[in-house]
Structures are given as C-alpha cells and as structure tokens.
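Starting off with a structure, shown below.
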Amino acid sequence: MNYQKIIDELYKEIIDQENLGNVASYIPELAKVDPHKFGICLSTIDNEQMSIGDADEKFSIQSIAKVFALSLAYKNADGELWERVGVEPSGTPFNSLVQLESDLGIPRNPFINAGAIVICDILQSQLKDPKTELLDFIRMVSNNPTIDYSSSIAESEKSQGFRNIALINFIKSFGNIKNEINDVLDLYFNLCSIKMSCKELSSSFLYLANHGVEPISNNKILNGSQTKRINAIMQTCGFYDEAGEFAFKVGLPGKSGVGGGIIAIYPNNYCIAVWSPKLNSKGNSYRGMNFLEIFTTKTKLSIF
Amino acid sequence: MNYQKIIDELYKEIIDQENLGNVASYIPELAKVDPHKFGICLSTIDNEQMSIGDADEKFSIQSIAKVFALSLAYKNADGELWERVGVEPSGTPFNSLVQLESDLGIPRNPFINAGAIVICDILQSQLKDPKTELLDFIRMVSNNPTIDYSSSIAESEKSQGFRNIALINFIKSFGNIKNEINDVLDLYFNLCSIKMSCKELSSSFLYLANHGVEPISNNKILNGSQTKRINAIMQTCGFYDEAGEFAFKVGLPGKSGVGGGIIAIYPNNYCIAVWSPKLNSKGNSYRGMNFLEIFTTKTKLSIF
Amino acid sequence: MNYQKIIDELYKEIIDQENLGNVASYIPELAKVDPHKFGICLSTIDNEQMSIGDADEKFSIQSIAKVFALSLAYKNADGELWERVGVEPSGTPFNSLVQLESDLGIPRNPFINAGAIVICDILQSQLKDPKTELLDFIRMVSNNPTIDYSSSIAESEKSQGFRNIALINFIKSFGNIKNEINDVLDLYFNLCSIKMSCKELSSSFLYLANHGVEPISNNKILNGSQTKRINAIMQTCGFYDEAGEFAFKVGLPGKSGVGGGIIAIYPNNYCIAVWSPKLNSKGNSYRGMNFLEIFTTKTKLSIF
Amino acid sequence: MNYQKIIDELYKEIIDQENLGNVASYIPELAKVDPHKFGICLSTIDNEQMSIGDADEKFSIQSIAKVFALSLAYKNADGELWERVGVEPSGTPFNSLVQLESDLGIPRNPFINAGAIVICDILQSQLKDPKTELLDFIRMVSNNPTIDYSSSIAESEKSQGFRNIALINFIKSFGNIKNEINDVLDLYFNLCSIKMSCKELSSSFLYLANHGVEPISNNKILNGSQTKRINAIMQTCGFYDEAGEFAFKVGLPGKSGVGGGIIAIYPNNYCIAVWSPKLNSKGNSYRGMNFLEIFTTKTKLSIF
C-alpha cells in the first residue's frame, strides 16, 4: 500500500480544514507552542519511513513517555507490577482521584497519572540510578542518544503539579508508594518532560509493532506476551475517557499526550506518530484523532 | 495451525483442574445447569469447525445476544444510534446506575444492561414487529431457523428484573427511551433468553471475523466499518469491568454472558465460542476466560 | 413577642422584592399554579394563630406529607424501622440513585424519595387498609376530616414517576421492599398528592412542637423521644442538599415540598408554614426560605 | 436539675459496661493513650461546673479544635468565608476526596479536613502571625494562658499526613488555597495538636451556649447570628458521616475528635465535654456517644 500518498493527501485535506480545540496552557512550555504545527511520520518494521509537515520538529511528548516507563518496569518486574496497578479502563478523566478512593490506592491502569506515578515508584525501587537508567533505556529503544529530559519543562510541571502531588500523597496514604515522594515525583516530572519529533517517536515504538524486538538493532526489548499486553492496555486505556472512541474510530492501540502528540501501533506492520497541538475537550489532539480516523478508514488497516 | 489439537490438549488440561466460581443463580433456569458442562467450538471463515466437549448442547447465551441486537440496530440506523448510547468502557459493574446519573441517561456503551435496553428501544422504533424481526435476523446470520426465544427464561428474567426495570425507568426519566417501557423490556428479556450451542454461536458470529459478510450464505450483514467498530466496542466493553483484563490476557474482541458463554473474534480468521457455567467474581466464565488466555498464548494469535 | 406584627412587616417587605426561581413544572397540577401566591401562618401550642396572604388556600404539600408518613410508621414500629432506612443527610439531590447503590438499598433518610418509599412499604406491611388508615391518621393529627388525597395529582405523579419507579425497583433488587411494587407506589403517590393550606399545615404539625401531643385534642401522637428524633431528622435532612443551608440560615427543623410549601418547628413554641410556589435551584421555595431566614433572625428565635 | 447526680450515675453505669471500639493508632501519641480513660465535665453559663472521672487530664482534642479556628476566621471575615467553604453535610467520611472533585475544590463544610484546611488558609491570609494569634485566641476564649500546641503531636501528624497533603494540593489545583502549602499545613497540624482536659474544653466553648459571649470575662467572641450558625454547622456536620445519628440520638450541636473527645452545646444553658479514647467505626468516641445519648434522654434536654 502506498502509505506516503495517502498521508500526503490526508495532510493536505486536513490542513485546509478549521483547526479546533485549545493548546494545553497550564505550563508556559506548552502554551507558547505554535498551534498550527502539524507533523506525521509512519515507520514500518521494515525500516521504511514516510513523513510530512513538521515531522522533524521536537515537541513535548508528555504522557506518551509513560509507555517507555511501563515497558522498562515490565521488562524488569514481569508479572509482579500488576498487583500494584490495574489494567482496566478508568471511565474517568486522567487525573481523577475518585476511583483511587474506592480502589484503595490501586490505580486502574498505568496510563492515568496515578498509575504512571506508581510505575515510577516501581522503577525507583528497581533501578540504582533511576533517572539516568530510564533515559538510557529510552535512548536505547529509540536508537537515539540525543533524546533528553527537558529540565525547564520538568520544573514547570513541578511548579503546577498540585494535582499530581495530591495523587501521590493519596496513594501513599494507602501504602502503594514505597519510595520518597519527592524522588518519585522528580522521576515522573522528568519522564513527562521528554521532547521528541514524530520521526523519532514513530521509530522508537516499533518494538511494540514487532513482538518486542527493536527492528534496526534487533534488540529484544520485551517478550511477545509482554508486547501484546502493553498493546492491549494502550487499546483499552491509552486515551483517558476517550479510549473507546479511539478504538471505535481508529481501531489501533495508541497513546496520546497533552502536547498534542499521538502514537498508534499496527502490530506486525508499523508505528505512526502524529502531532498537532490543539486538543479536543477530552485532552487528545484534535487533528491527530481526525487524521488517524480517516487514515485507518482509507487504508482499511485496523486490528479489528 | 492445528487448532483441533491445541483445543483438545487444553480441554484435557483444564478439565482436570479445579473448577472455581459460582453458577449464576438469580433465575432457576440458570441455577439448575450442571456446573461442570464445558464446551468449545472454533469456526473459521473458511467453513472449518473444530470442537470438543459439550459443544452441541444449547445453553442460555444471555448477554452475548446483545451483539445481535446491536448489529441489527446499527445495520438499520448507522451513525444515529451513537447519539443515544456511547462507546466508552464504563469502569463499573454491568448493571450500575451511578454513571447513568452523571451521564444524564446516555449509557456508556451498548453492552452494559442500560445500553442494551436503549438498543432495544431503538429496535422497537425501527421495526414493525420487533420481536419477530429480531429473531429472523438472528436466524439469518446464524443460518439456523431453529434458534428461538425461551419463554420460560424470559418470564424468569422478568420476574427477577427489578434492576433492569429500575434502569429503563431511570433512562426514561432522562428522555432516552421513546417507546412503551413494557414493550421494550419484553424485547430485552426475550433477547436475553435465547439458547444456542457453542457450535451455533461460533458460526453465527463469523460475520464479525469476515468484514461483515456471513461466509456461508455470503450475505452482507454489516459493512466493513461497522464490523470493525462492533469489534472495537467488544474489545473495550465486552466484559463489564473485566474488559481490560480480557484484552490484556486474551487479546481478542469478545463478549461474555452470565450463562457461562464467551465468544471471541479473531478478525480475518475465526470465531471461537466457549461455555462453562461457573463464573468468576466479575461475572465471566472462569474456565472460559482461562481457556482463551492459554489458547491465544499458545497459538500466539492475538490482534495485538 | 408580637409575631403577627413581624409577619405582616416581612410579608410586605418580601412581596415588593423580585420573586426569583421557577415553579415546578413536571406535572400540570404544579405548573399551572399562580407563581405569585404567598401565604404564611404561624400556630402556637397555645392555640393562637397568626397569618397573612394566601394562608387559607390549599396547595399541593408534596414532600411535606412525608413527615406524616414517617410519624405513623414510627408510632407503629418504633425502633425497627431504622434498620431499613437511615438518619443521615445524603449530601445529594432528593431523587439520586447513586448512594443507594453503595449503601446496598438502605436509603440515607426517610425524607429523600427512596426513604419515603421504604416508609410507605413499612406502612403497607403495618396497616390493613394503608391508604385509608394513613389518611385517617393525617386527619386525626390535623383535627381536620376534610383533608384528602387528590386523585388527579396522584395520577399525574404516577404518569411522570419514572424516577420513583426506578428507585423502588432498585431498592427491591436489594430486598428492601417487601410488598407489591404497585401497591407501595400507589400509597406513595397518594401521600404526595395531599393538598392543605398554610393554616392547616401549621396547626397539623403542632405535635412536633409539643413533645408529640396534639395540643387541641390532647391526643398523644408520638412519645417525647420519637418527637425529638423526627425533629432532628428534619433538621439534618429536611431540605435535600440544602439542609445545612437551612439549619445555618433559619436554625429550625423543617421540611419543604416542591409545591412551594415549607413548615418549620420551634419546639415548645410554634409551627410555622409558608407557601410560595417559585423554587430555587435546590428545589426549595425561594420566598419561603427567604422569609424564614429573616423571620428567625428578627425574632432571634432559633434552636441554636 | 441535678446534673451532677445524673452524671455520676451514668458514669458508673457506663464504666461497668464493655468498652467497645478501637483507639486511633495512626500516630504514637494517640496509640499509647490508656483506652479506659473516661472523663466528663459539664459547665453552665452561670459558671457552675460538674465533673467526674478523668476530667482534669489533658488529651489530644484533635478536630474539636476546628471549632476554634472557624470561630476566629468567622469573627474576622464574616460572610466572605462562605464563598470558599460550604455549610452542607458531606455524607462521606471526614477525609474523602470524592466530593471535592465534583464540587471543584469547595469543601462541603468547615469540619471535614478539607474545609478545616481552607479555614487555616483563610487565617493565614487574615493574620500577621497566624500560629501565635490563633493560640492567643484559643487562650482568650478559654480563659487559660497555659493551653499550647504539642509539637510532638504536630510532627507526628505531619509525618503521617499524606491524605491531608493530598487534600491541600488537590484544593490548590482548583485555586482555593491562596498561601504557601507548607505554611497552611503547619498551622493545620498545630491546630490539631492542642491538648486540653474535659474541664478546660467544657468551659472554653461556653461562648457557643451564650450567644457568643464568654460568660466569665464577658468578652464578646462572636455575635448572636455567627454563634447560631456555628451551632447549626456543628449540628449538621460535626460528626462526619454520623452527624445525623448524633442529632437523632443526642439532639445537641456538637463536635468530636479522634482523640476520643466530644463537646456538645445546649444553647442558653451549658457545654458538656466527654472523653473516652475508644472510637466506633465512624471515628467517634464509643462511650462518649453512648453517654451523651443517655444523658440527654434522661435529662430530656435537647434542642428538638
């Protein structure tokens, strides 16, 4: 299938339409981004890459990075971590505290903030130098030693992170945080600060389309079962309370971030990354969701 | 792949293990079922069928029938119905009223009871003789004119259906029921009363594995996009508050019923039906879940 | 203290101010009431009565009648009924189903709809001819044989009563309704259909200001402990999710109805009834709340 | 009425019965208290004092101190503070975060932890030296310059205060905290650390039984309206999700603390303080609740 042609056509179609929604504005690093940026890159497990628009420009990938953290924690811990974080969709916004109360401090899944914070706590216990080792892991799966934390974004997140501080303290009150709160939060805020381009993103997550093996280096990141399971969690929980909508319209496992990025995985085939900063009311990229819906409809490629 | 061999081996493995959970007991027709029944049938889109155990015995398919109702309503209405029922996982038990209140009478998805009731209301508006036409549709997709409602089960459901009567009245109070409550409930309780065997079930849902086309008659039940979307909803919402767990462990779209049946779809390939009456704490067949987890792990066949 | 003078002054003050809010409109009998009706009557335990405005006009007392039902059930059953209905404020609107789910079918208190329905079920079990005997009781405490159910209001309520039908079926699903649903609902809708004037209301509830004794006939309706407890429940639960506000501003136990009536009890002294049909956003009479706040502030009479 | 005689008799009666419940154990200062301590003191507005048992022994008054903080904030701010904290019962446990989410950071009332934290934030804004001035105020209303914060309790609370840190950060995320989180928490934890005896407590809160005037010094602490309103809030919200039960059984406004203390106000008459460290399942003193129920029943003194 000629992906490049379809991507080009859709890009032109969508860029002429009205760009709805709002750029995330709770920290200056997100608020000041040009709202009309629009980039797409599709990388196949055969090492082909097709892109258009602002596909080379780095942006704040935010929650997409939670997939890296989960991958590393799962690689190290295997099944144990599922006693401390669930795999069920939450049915509520990403930073809700309500369910945590009835679920006694066990977050519904690793992609809501509460769950990602518990994953960071698990990494904090697993690793000697968590911040460095997590970054090394991300560089390794990405084949890209230049990827880095953004200390300015991490600092901004920290200064506005009242809800996340509330979450971690609440979870700690149930005994599901084992390390120092400030250390775990520092790792979490750094994780969310990473900047990558669509090109980098789409090639970094190819291991999830390739049974856990990074196809360029042939490094085995995860085993097949772990890979399948992370894809399953992305499918059911990757888009907060719009996860069903994404499965329904796009039909691929994926993960979004409030920076306007989205990745989607077509197992055995490709990973696609889209970036457009304006967010819909659920906090997912308006144009990104729109593009992926039409793209999978046109290509008739979906897991379902 | 030699499915028959794997099925046989797994059947023998599981039937020797302890059979945990409890048979649904809220109506006599379910309570009196032999808890040790265990049947499996896999039907491929190439018209092959492999089975073992009690695969020919009819049982109460209960909520699995909601997939038929949704298919017919979707076929008739296309997009309109999504204004009256959502596609998001609920994160709560199947008969919960809580979310309906905050969602103002719009059920989260068509597979929780509230959503299936709204689907029945839509059918009641679409069809001249809803009860007959719905049954005709089910017979048509099943290639089986003997499938029928069980009036004894329907009556039993009705006599114990306080929660469902509460649901429909609650939804009506928000204006999301258009027909007479008793008519809609009658259709709903009849829908849930259908009895089928694993063999019948696995061949009846082949259209969902075959882009909407029933492979024996070549009848087009749904278009490709509709098929994909129903599969997506099964994936995210087919197992109540265990939907994530099923995606995680089994990795196929599916639907369960409190009669102990489960169907799962492997798009472009097969539909598998499993039946074992004992239910786990979430209301899904203990052995059914167990079998499908090991089966997809062994065959390494999953959509993820 | 010259109550009549204060009542007259306040009446004039308030009638000149803007009359905010909306008349209840879910049934025609409420919707067609003149929104500018305004009546007040204060009756003392010494058989004095002071009134102004439309104090002689009968109106639909709606939920105020729940106090009669509770009094009769409590008189007959004493402590037993508190196993089936609580005495805690709900913190939610009067017809919410949410708490019922987590509280397993035990309504928070006898003044939310769910609780009043359970009280009607208790009366249905206690009495041979519940509808007649409840009316007899109300006539007895009111010293007024002309008080009657309004069959037109009861019918209207029934035809719009989806939420209440939902509630009773939901409670029944938890086993906390013992009689036929239709019988209990019939009693409940009749209870809510009673029409009385401010004069009738304020004298009918004098037993709650007089340790359980109706002061004209000297009939003992309740014992002192029961009386105190009903007053306590009115104080904490009499105004739905505005109960705290009423205690805060008015400082007397009381009960409101969506017909725009409010009664308030000053133990050892008086019962006052106010009627003005326009309701605030919480469903309580706008002018009624307003009048009682200023009245208790001016008279410096409050239980606190 | 001979209060001393009734108190003596009841004390003897109760001390012979089984002492149920559990001492609060989340900090060592509470856990190590002798569970069989039992003290009672009643102080009248005519400066009489009747006591028995461990009425002279200081204990951690915990949340009872929230009444002091509210009194001072209300005295300084009058009506303004009610825009930032409500007056409605919560219907949920004292440290729940659920309602805060739907109420957008406005705590239901000033006696749940969230509300008391907002009151501390208001004090932090009102006062130059909040910690000192709050203590001065408490000493003034108590006529007792020896009352002091317990730094060991405050430190213990802080080290175990994850839920409260979660609450304040959550409220801050809605914009309803104006000062530095650490400063507000320091004030809050110190407030909760105060130790007083039953004798001290019962005389300290006499201003609430005396229209806002401290009866020994004749100091006007609050005006009549403010006093009435604080009593009303204690009545509807003073006992977490057992407030209705307390109104029902005891019929007086009151406030409890997890140290096992309870105060109750009989307006125009007295303030009574009871202390017994074992708590019932709702977190209120088992013997304290028991004593007050029988005491008000025997004396037939209740506001209702």
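Which chain is which? They are A, B, C and D, in the order written, and residues in each are numbered from 1.
Heads up, the rule we're going with is that contacts are C-beta pairs under 8 Å (C-beta built on N, C-alpha and C of every residue); 3 or more make two chains touch, one makes a residue touch a chain.
Note that the structure is a prediction, hence the values are computed from the model and not measured.
Trainee: Tell me the fewest steps from chain B to chain D, where a step is a jump to a chain it touches.
Mentor: Counted as steps through touching chains, the separation is 2.
Trainee: Taking mean CA positions as centres, which chain lies farthest from chain D?
Mentor: It is B.
Trainee: Nearest 5 degrees is plenty: how much rotation brings the CA atoms of chain A onto those of chain B?
Mentor: The C-alpha superposition of chain A onto chain B needs 180 degrees.
Trainee: Taking each chain's centre as its mean C-alpha position, how far apart are chain C and chain D in Å?
Mentor: So the centroids are 32 Å from each other.
Trainee: In whole angstrom, how far does the Cα centroid of chain A sit from the Cα centroid of chain C?
Mentor: It comes to 55 Å between the two C-alpha centres.
Trainee: In whole angstrom, what separates the CA-based centres of chain A and chain D?
Mentor: Distance between chain centres, rounded to whole Å: 47 Å.
Trainee: Would you give the residues of chain D that are in contact with at least 2 other chains, written as numbers and ranges?
Mentor: Within chain D, no residue contacts more than one other chain.
Trainee: Which of the chains are touching one another, listed as pairs?
Mentor: Result of the pairwise touch check is A-B, A-D, B-C, C-D.
Trainee: Which residues of chain D touch chain C in the complex?
Mentor: By the definition above, chain D touches chain C via 86-92, 99, 108-109, 224-225, 227-229, 231-233, 235-237, 241-245, 247-249, 251, 253, 267, 297, 300, 302-304.
Trainee: Considering the complex alone, what residue numbers of chain D touch chain A?
Mentor: 96-98, 100-101, 162-163, 165-170, 172-173
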